[in-house]
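Both complexes shown next keep subunit A, but they swap its partner, so subunit B is in the first and subunit C is in the second.
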Partner chain A sequence: MVIIMKNEKYELIAQDHKAPNPRLKNAIIAFVVGGIIGLLGEGIIELLCYFTHMSRNNAGTIMIVVMIFIASLSTALGFFDKLVTKFKCGLLIPITGFAHSMTSAALDYKREGPIYGIGANIFKLAGSVILYGIIAAWFFGMIRFLLGGRV
Partner chain B sequence: MTFTYDNVYVKDTATIAGPYEKKGPLKKYFDKTFDDLYFDENSWEKAEIKTVKESLKLLHKKVGLKRKEVDIILGGDLLNQITATTYGSYNFSKCFLGLYTACATSTEAMILGSCLIDSKKVKNAIVTVSSHNMAAEKQFRNPTEYGAPKPKSATFTSTGSASMLLTKEKTDIKVESSTIGQIIDLGQNDPNDMGKVMAPAAIDTIKRHLKDLNRTADYYDLIVTGDLGLYGKEIVKDYMLEEYNIDLSKNYNDCGIMLYDLKEQEECLAGGSGPVCSALVSFGYIYHQMKKKKLKKVLIVATGALFSPTMTYQKENIYSIANAISLEVV
Partner chain C sequence: MLLINSFLFCGTVCLIAQIILDNTKLTPGHVTSMFVVFGAFLDSFSFYDKIIKVVGGGALLPITSFGHSLIHGALAKANEYGILGILMGMFDLTATGITAAIIFSFIFTLLFKPKN
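After this line comes the complex of A and B, so read on.
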């Protein structure tokens, strides 16, 4: 015996019981926290330039390394995921999120060994970012080359 | 498909729960709880296997049966190849059947066990289910340390294992009847809103159970669904009333909501899920209430989302199923 339920009626009733989704609040939190991460990065660059007299370009690279280190370490120590749950995309969009995605995958799969575990799964989340990052970089590089002519 | 049984009884249960369940309101009904999700093992999967072993060991001890005196173990979990159940059940019975209908596995196993006992094929059967929050997270979603933000409608996989011994010997609690569910596809495809995915299956099975046995909803002291969560529960109540004129407002609840204190435990979002969610509540809390005769007739409708990440990425709908079993105090 098959009772076919009415899809439209079901959707209508389900509409009344939707979970709240505070998009604006989330966006504001992400904006502020993401901004703080940016401020922190800029601070590191300024400090490096001031104290070591290195070029801004080099300082930028070192700042990225420092940010990746801080994020990965806090993932490994086990509190970054709790911050992500709280501050959401404010922490996931900057470079901290990229580092976190790789460290968390590595941590999860280390029991399956270095090859089938960490090696095969470390790019589980980051793979898409790298692939489409490179493709996008190529396209924008081409556009810049064709328009401006300078590499 | 609805069956009634004459000589199937619940002998005893054993429940092992994790740290989040321990913080919930049903803590005192669990036999053993752990504070750490690793359970002294070194991986999530091994931790889940350990909960299964612990619950089976405890159940054997409670009922005083030796390993070879148990005819069959029926059970399942969420991991690929139902690893936790197969590894955990090793050497605990004469034979074994592994089952899977996701979070509806507990009642599926109870139905099959009852059929085997009722037809006198076996003397006793153990039903065992388990799930582990982190093991499920790793398999179905993101790495566990990633902590990806989830909407409020998402459910939280419960941790632990629950076992129950069904027997033909007469006890206080009888397995009275059961209804096997059908696979439902109502065009749902949001893995972050499983309540909405599974509510149709619960509605369909409850409706058919009541119709087949010619009962009204108030026949039962309590009707529980497995893991629909805050929003799925309300959908079931409204749909049943508006479409079938069945009033569930007095005696209906959802195990996913009962298992946690959702106001305090915000990480549990809309409520618990996983095979062990309905089992911890029904083998723990409900079983104890029935023993004390505070509840006399209970209908347990475990709900399962037959969710495969692969099929969802391939833009297919998520199917669902619900199996119902009715327990009565004799």
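After this line comes the complex of A and C, so read on.
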């Protein structure tokens, strides 16, 4: 009984000294950073369409390649990890997070050699995205196809 | 207008992900996988195509668009070749992203040394 009382008291004291909850701040940061990434993407598409008169689909593809290039390069240079710890989902949910996970996994296991290091681990984190993406796309695609809904 | 929509849409997706991440025990890996599945689900009835028309580039960037392009390519091929087309067209649209990510990360891994 005495111990339980002490635990309750301890929790009360601990709650008073806890750091202020950063959830709201995290959410706002993720919203703003993610929004800026989206804005940049659309900006690149519009610039490409304006200057080279290519179709919107091609411009979108080039924009994604540019984003992956920037994310991979900055991960390899080492400052993308710091940005991710600051901005979290703002950078992880766009395609930059996909490129970052591949490059950082490959870099982490580089010293174990080209086959069992880089080759075996490059999809360590991105693999789950590809696996569940394909399973879900196959599953929903089959449902759509069997229901007779032509695209 | 597309610029503002892109900002709002991409920001909202990241916001939802951040809220899930902060309030549950799920890791970023769980959240990204969930979002890919959710994107594929949204496009199984062509809803994501409408979002892309309204939002533009901002809808192509979040990982949900990866699931969307997987199922979109699969269904487009399925129209031509029947049920085998779902297997044939799976990577049609995402090939650029995956190939670019593999090539860039491999080259940069060879060129740079890991920090720490």
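Assume the second predicted complex is superposed on the first by the 120 of 151 C-alpha atoms of A that agree within 3 Å, B and C clash if a C-alpha of one lies under 4 Å from a C-alpha of the other, contacts with A are read in each partner's own complex, and residues count from 1 in each chain.
By our rule, a residue touches a chain if its C-beta (ideal position, glycine included) is under 8 Å from a C-beta of that chain, and two chains touch if they have at least 3 such contacts.
Since the model is a prediction, treat every value here as computed from it, not as a measurement.
J.: Quick check on the superposed pair: does A:F80 touch subunit B, subunit C, both, or neither? Answer first, second, both or neither.
T.: first
J.: I want to verify the contact counts: of subunit B and subunit C, which reaches more residues of subunit A?
T.: C
J.: Just to be sure I read the superposition right, which of the two partners does A:D108 touch: subunit B = first, subunit C = second, or both, or neither?
T.: Both partners, subunit B and subunit C.
J.: So, A:V129: does it touch subunit B (first), subunit C (second), both, or neither?
T.: Touch status of A:V129: second partner only.
J.: Have a look at where A:Y50 lands relative to subunit B and subunit C in the superposition and call it first, second, both or neither.
T.: neither
J.: After the superposition on A, what does A:A14 contact: first (subunit B), second (subunit C), both or neither?
T.: The answer is first: A:A14 touches subunit B but not subunit C.
J.: Looking at the overlay, does A:I143 come into contact with subunit B only (first), subunit C only (second), both, or neither?
T.: second
J.: Touch test for A:E42: subunit B only (first), subunit C only (second), both, or neither?
T.: second
J.: Kindly classify A:M63 by the partners it touches after superposition: subunit B alone (first), subunit C alone (second), both, or neither?
T.: Only subunit C is touched by A:M63; subunit B is not.
J.: Could you list which residues of subunit A make contact with subunit B in one structure and with subunit C in the other?
T.: Shared contact residues on subunit A (touching subunit B in one complex, subunit C in the other): 26, 75, 78, 81, 88-89, 92, 103, 107-108, 111, 125.
J.: Where on subunit A does subunit C make contact in their complex?
T.: Residue positions touching the partner: 23, 26-27, 29-39, 41-46, 60-61, 63-65, 67-69, 72-73, 75-78, 81, 88-90, 92-95, 97-99, 102-103, 106-108, 110-111, 118, 122, 125-126, 128-130, 132-134, 136-138, 140-145, 149-151.
J.: Quick one: in the complex, what on subunit B touches subunit A?
T.: 42-43, 138, 142-149, 151-153, 182, 184, 186-187, 193, 196, 199-200, 203-204, 207-208, 230-232, 234-235, 238-239, 242-243, 267, 270
J.: Can you list the subunit C residues touching subunit A in their complex?
T.: My answer: residues 2-3, 6-15, 17-19, 21-23, 28-29, 31-33, 35-37, 39-41, 43-46, 56-58, 60-63, 65-67, 70-72, 74-76, 78-79, 83, 86-87, 90, 96-98, 100-102, 104-106, 108-109, 111-115.
J.: Can you check the complex and tell me which residues of subunit A touch subunit B?
T.: On the subunit A side, the touching residues are 1-3, 5-7, 9-10, 13-14, 16-21, 26, 75, 78, 80-85, 88-89, 92, 100-101, 103-105, 107-109, 111, 124-125.
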